[in-house]
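Shared chain: chain A. Partners: chain B in the first complex, chain C in the second.
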Partner chain A sequence: MSDLMSFSEIDGSGAVLIAAQRRVAMVTLKTDLSNKITRAAIKKLLGTTVPAQRKIANGVAWMAPDELLIMVPEGSTPEAQIEQLNANIKAPMLAVDVSDARAVFTLKGNNAREVLAKGAPIDLSADAFAQGDFRRTRLGQVAVAFWMEADDEITLICFASLRQFMFDWLVNAAQKGSLPAYLNR
Partner chain B sequence: MLLLTCPYCGVEAEETEFLGAGQAHLKRHMDGSTDGEFTAYLFERKNPKGIVFERWRHVYGCGKWFHAARCAVTLEVFGTYSAQTFEPPKDIIAKIKAKRPEWEAKP
Partner chain C sequence: MSFRIPEFGHLIDRKKPVSFSFNGKTVQGFAGDTLASALMATDHRMVGRSFKYHRPRGIVASGGEEPNALMNMGEGGRFEPNQRATTTEVFEGLTARSQNHWPSLNFDIGAINNRLSRFLPAGFYYKTFMKPQWAWKHIFEPIIRNSAGLGQAPSERDADRYEYFYCYTDILIAGGGVAGLEAALEAGRSGAKVLLLEQSPHFGGRFMVDDVMVDGRDGPAHIAHLLAEISTMPNVTLRNRTQGAGVFDHGYALGYERLTDHAPASTPRHRLWRIRAKRIITATGALERTLNFAGNDLPGVMLAGAVRDYVRLYGVAPGARTVVVTNNDDAYRTALTLHAAGLEIPAIIDARPQGGGALAEQARALGIRIETGHAIAKVTGKKHVTGVEICLQSGTGGAVETIPCDCVAMSGGFSPVVHLWSHCGGKLNWDAANAMFSPDPSRPPTDQNGEGFVLTAGTAFGALTTQACLQSATLAARQAAKEVGRSLKAETAPREVQSPDESAMAPIWSMPANAPYKLRAKTFLDFQNDVKVSDVQLAAREGFESVEHTKRYTTLGMATDQGKLSNINGLAVLAGALNAEIPDVGTTTFRPPYTPISLGAIAGEASGPLFKPTRKTAIDGWHESHGAIFEPVADWRRAYAYIQDGETTQDAITREILATRGSVGLFDASTLGKIIVKGPDAGKFLDLLYTNMMSTLKVGKCRYGLMCNENGFLMDDGVVARLDDETFLCHTTTGGSDRIYAHMEEWLQTEWWDLKAFTANITEQFTQIVVAGPNARKVLEALGGLDVSREALPFMGFVEGTLGGLQARIFRISFSGELSYEVAVPASQGLLLWNLLLQAGADYGIAPYGTEALHVMRGEKGFVVVGDESDGTVTPHDLGMSWAVSKKKEDFIGKRGMQRSFLVAEGRKQLVGLRTLSDTEKLPESAHAVEDGKAIGHVTSTYFSPTLGHPIAMALIHGGRDRMGDVLSFPVGGKVHKARVVDPVFYDKKGAQQDV
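Take a look at the complex of A and B:
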């Protein structure tokens, strides 16, 4: 977990710690990811291969067959990343700074999976969803994406306009005594 | 519960992750069509008690449109396939015929 300064709001009253991260720099890249030349360019640029379907690796997440979400590494900026992507990918593409469009949350605790299991219609057991997996789905009625940062830590993103609603939802779902501690057995 | 596999994400997900958008493979009657054809394109839909071909969108996932062949009564899914096609793939038709010999594909 990043240091406390990177959070704008933290609630530790529940069984799982819920924290809203400050602005996280990220870039959306839309382009045909099956294009070999594009894949090579992305690898050279980001220092990591294009993640497989529904995977996340080294801060690059598979959003769709033609979409990546790139967390901008420390020391760089969305503007610099976009400039590099524009310069190096020859196929039709679009790179956009979505940092202000997204809210990012950290869920930390042994039963973090169960907080999401209350609202997401998917199998969140450790067998079905592990580190490296990336899942876009809904949480309640909110479109979200999340991944395991560690066995006891989840990062979740949603649209920025729903930041407060999502935070309150997560805090409510994480209340002490409300998680059956089933998924981490 | 209806489970569909998104052909783009390769993930089997629950119905509420998707948006159902009705009958698939409609012929778009546009300029030059008769009033009857155009009315049918806009308003008339089949509603069979049995095999249906539908458009779906993975709205909470990758956002892609795709097609699904399923039974409207039992919710059995015979397959999902690309949106970039005018008719169901042969392997899906074969699968339906194998399981429902009485079913006949109507134009």
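Take a look at the complex of A and C:
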């Protein structure tokens, strides 16, 4: 978990610690991910192979068959990333800064899975969702994506305009005494 | 009388008294009681009045099938009507009131309906209240509405919280009786993930009260044994107080968990489990049926199984002298239980001429009188049972004897609970031997692979004997485990069961067999909706031969219990009246949920502030703290106007407009959709999407464009900017950002997959602020950093660079008709830019304006708003925007649609302006123009223009463009507004103001 300064709002009253992160730099890349030359260029550039469907590796997440979400590594900037992607991928592509379009949350605690299972219609049991997995789904009525940062920590993203709504939703879902104790029996 | 007994009662804790309130009086029960058992223990036998005839009604059942004991439960924000006393656990402070009576339960005016019952037969509502016609609306309907419904409607907001839980499992088992538990144990052994739901607080079902021996253990001991074994399996989860409420396509099932109904708390009250299961086993048991004899609805007449439950589980005697009446052997268990509790059983009336088997022998050996081949002619008593007149079953009801008693335990046989099996299409067989419908395993509900995904076990499967019940559970579990891909170990040895041999039941649908009308008219099928045997027979005579029609005509099975007790009896009576076989009449449709579930559970967490996501811009906080009132636009909330001290909303709008037109205004336009389209084929793609040409747009320029759907109707509009050779930025309407992005992706993915173009929705990446008004340029120049002069940044151009130290893109576009810039910066800088602009514009009296000022100003300019001037049936041509529809392009979405005959026909509604004849009278919103008694069009936008000092409006009028100068009439609410048809552009027709 990043240090406390990187959060704009924290709620520790519930069964899970809910924290809204400050701006996280990220870039959307859209291109034909089945193109071998492109895949090689991405690997060279990002130091990781193109993640498989519904996977995340080294801060690169599979969003769609033609879309990746790239967390900009420390020391770099979205602009620099985009420039490099533009320069190295020869096939038709689109790389764009989406850092300000997203709200990012950290859910810390063993019950994070159950909090999300109150709103995400996916299998959140440990054998179906673990580190390295990435899900684009919804939480209640909000489109989200999330992945496991550690065994007891989940990172969740949604559109920035819903930051407050999402935070309130998560705090409500994490209220003490309200977990079904099904996934963590 | 009914009372507590010292014997039995293993569910209650006699050391823990619990007080609650019933009809305002304090009543005492014990922890573990249901409201029904506690009321019965304190001799509350009448617990409500029936729906139609207001007849006294008592507790009939001990579970979710209860039709009578419905309560107005709780108070204030926790008030809920129609709650079943039989499934409500008592807790300290519970309040309940009986329903459907006035002034009191004991003395009820509405009971007059009972005397008038022969005037209120089936279809009464359809036959009465026909004339005079006016009386329906003013007299009949209000009275009927007032008397309709059993419980009261809540008047306060629900004080409780609710939530969902999504869960995945290999095997879902509905029902925690012995069949469900045996199935869970067997399936658990395979290693499959198993989730078992039990609706009541306790596991074990009928095994807790039926005297059986399994592997040398009695019923309760065997259940304890199963629970202990299952508790060692980490892959098996048991949830009590959770009902398997519905089965849907693709292995989707609903579980309804009642968390705090028995112990109110601030934690969620109900949880709706939204389950995906590979296989579902329904082990939902069977429901006992009532018998059809006159007066079978009097308080004190109960299901025999329920009588046994109250004695065994709660230590309550429903009566001191109980007559048992039956067509099967199971009811003898009740007689034996009553005997063991030291209660009197004056007689067992067995309709079967040959009587029962081993259980009957036991009863006879205890000296209990048994009358075989007999029936109840009628029950005597007014508010509760005082006796029964018995007669020969084969006769017409000539009484041979009256037996005084205060309770009747009836059993008409059993109906498997096939609801969950049937919800998604599982088919039923008629089992003639047991006179019941049971699941046909060869015709299960099928999943996406065409395979059956629901299995059944136990009595829900129709396996009524203990041996068959246990076997079916093991078999269902093994089959389910195999089908979810689990390997199975060696056969599990069958349980050794000791239970008495039972004689065959007899299908008895009328008691006595040839009951005359007088008796049939007091013989109730559906207790909750007051449907009698005579009503169903009347419906059949009147031609309602389909069971679904009979149901609706008589309301049989349409009450909150959905006919759980009445269903089969009703079918049988209908079949008898039609002289048809029961399976040929068929059943009505079983629909989820199994019993009513709370609306709160269905809504989940989505109430109060979490009701609907609210999207907020980066400047939203500033708007809020500066007097903004908001309006919802799609999921966004947008500032409608900024109210200053002492202002009305209209004052604020007028001030904002005059400030903008007079000097400079500021507007948060961040909600407009922004979609990047990039690639070698981006221009080609946009040419196909927009009605006008986009590929010819020069880099650094903007063009306004229209998008139509395939029918040629306008669906969105916005400004497109060409960022570089391969890259376009498409602005959409606020409501269109997600929809248009999806529209683009759909066409790219499904039709034009060969186009080399990619899209990204970057709506939220940018804050976009409009600076509009004659002094707009001066404000931007004050911030500095970018040349925004007419030469460097002409109308419909854009520039990029640093403005006031922020990386910005500035578009010269105008929706107000003024000199106008839209400045886009990354959203994290949005509030900063807003404040910088306010500061820079202070000398010019810069005024933030809201969406209403925006709308008025665009109205003055005659600009259309998608969704105001268009409604999904309007083409660009109708709006006078033919200039934005390319004639050169080979194709675009909507081109063919627009060429259809009725879209090019004369006389279509066309956009015009309207100038009211009065300078003070604004046209009402959506007012219709009427000419020669016909509506010829309607107002699409109407405002008071502070700029012009008079009202303005736009309208779609038939052939409107040819009617310039005509005066039209708009009659609204007794008043006729008059307005002249004019050009829709009211202000600065030449566009000189925006091009400076």
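The definition used in the following text is that the second predicted complex is superposed on the first by the 184 of 185 C-alpha atoms of A that agree within 3 Å, B and C clash if a C-alpha of one lies under 4 Å from a C-alpha of the other, contacts with A are read in each partner's own complex, and residues count from 1 in each chain.
We take it that a contact is a pair of C-beta atoms (placed from the backbone, for glycine too) under 8 Å apart; a residue touches a chain by one contact, two chains touch by 3 or more.
Quick caveat, the model's predicted, so the values are computed rather than measured.
Asker: Using the touch definition from the top, say if A:Ser178 reaches chain B (first), chain C (second), both or neither.
Answerer: second
Asker: Where does A:Gly140 make contact in the superposed view: on chain B (first), on chain C (second), on both, or on neither?
Answerer: In the superposition, A:Gly140 contacts chain C only.
Asker: Once the structures are superposed on A, label A:Gly119 by its partner contacts, choosing first (chain B), second (chain C), both or neither.
Answerer: Touch status of A:Gly119: second partner only.
Asker: In this superposed model, does chain C or chain B come into contact with more residues of chain A?
Answerer: Per-residue touch count on chain A favours C.
Asker: Looking at A:Lys55 after the superposition, I want to know if it touches chain B, chain C, both of them or none. Which is it: first, second, both, neither?
Answerer: So A:Lys55 meets neither chain B nor chain C here.
Asker: On the A-aligned overlay, A:Met63 touches which partner chain: chain B = first, chain C = second, or both, or neither?
Answerer: It touches chain B, and chain C stays clear.
Asker: Counting only touches as set out at the top, which of chain B and chain C does A:Lys30 meet: first, second, both, neither?
Answerer: Touch status of A:Lys30: second partner only.
Asker: Is A:Asp97 touching the first partner chain B, the second partner chain C, both, or neither of them?
Answerer: second
Asker: So, A:Leu162: does it touch chain B (first), chain C (second), both, or neither?
Answerer: Only chain C; A:Leu162 stays clear of chain B.
Asker: Between chain B and chain C, which residues of chain A are contacted by each of them?
Answerer: Shared contact residues on chain A: 121-122.
Asker: Under the touch definition given earlier, write down the residues of chain C that touch chain A in their complex.
Answerer: 161, 163-168, 193, 234, 237, 257, 265, 267-268, 271, 274, 276, 604-606, 609-610, 612-618, 636, 676, 678-680, 727, 756-760, 762-766, 826-828
Asker: Can you list the chain B residues touching chain A in their complex?
Answerer: 8-11, 13-14, 16-17, 59-64
Asker: What does chain A use to touch chain B in their complex?
Answerer: Interface residues on the chain A side: 53-54, 63-65, 67, 121-122, 135-138, 143.
Asker: For the complex, which residues does chain A have touching chain C?
Answerer: 23, 28, 30-31, 66, 92-94, 96-102, 114, 117-125, 128, 140-142, 159-165, 168-169, 172-173, 175, 177-178, 180, 182, 185
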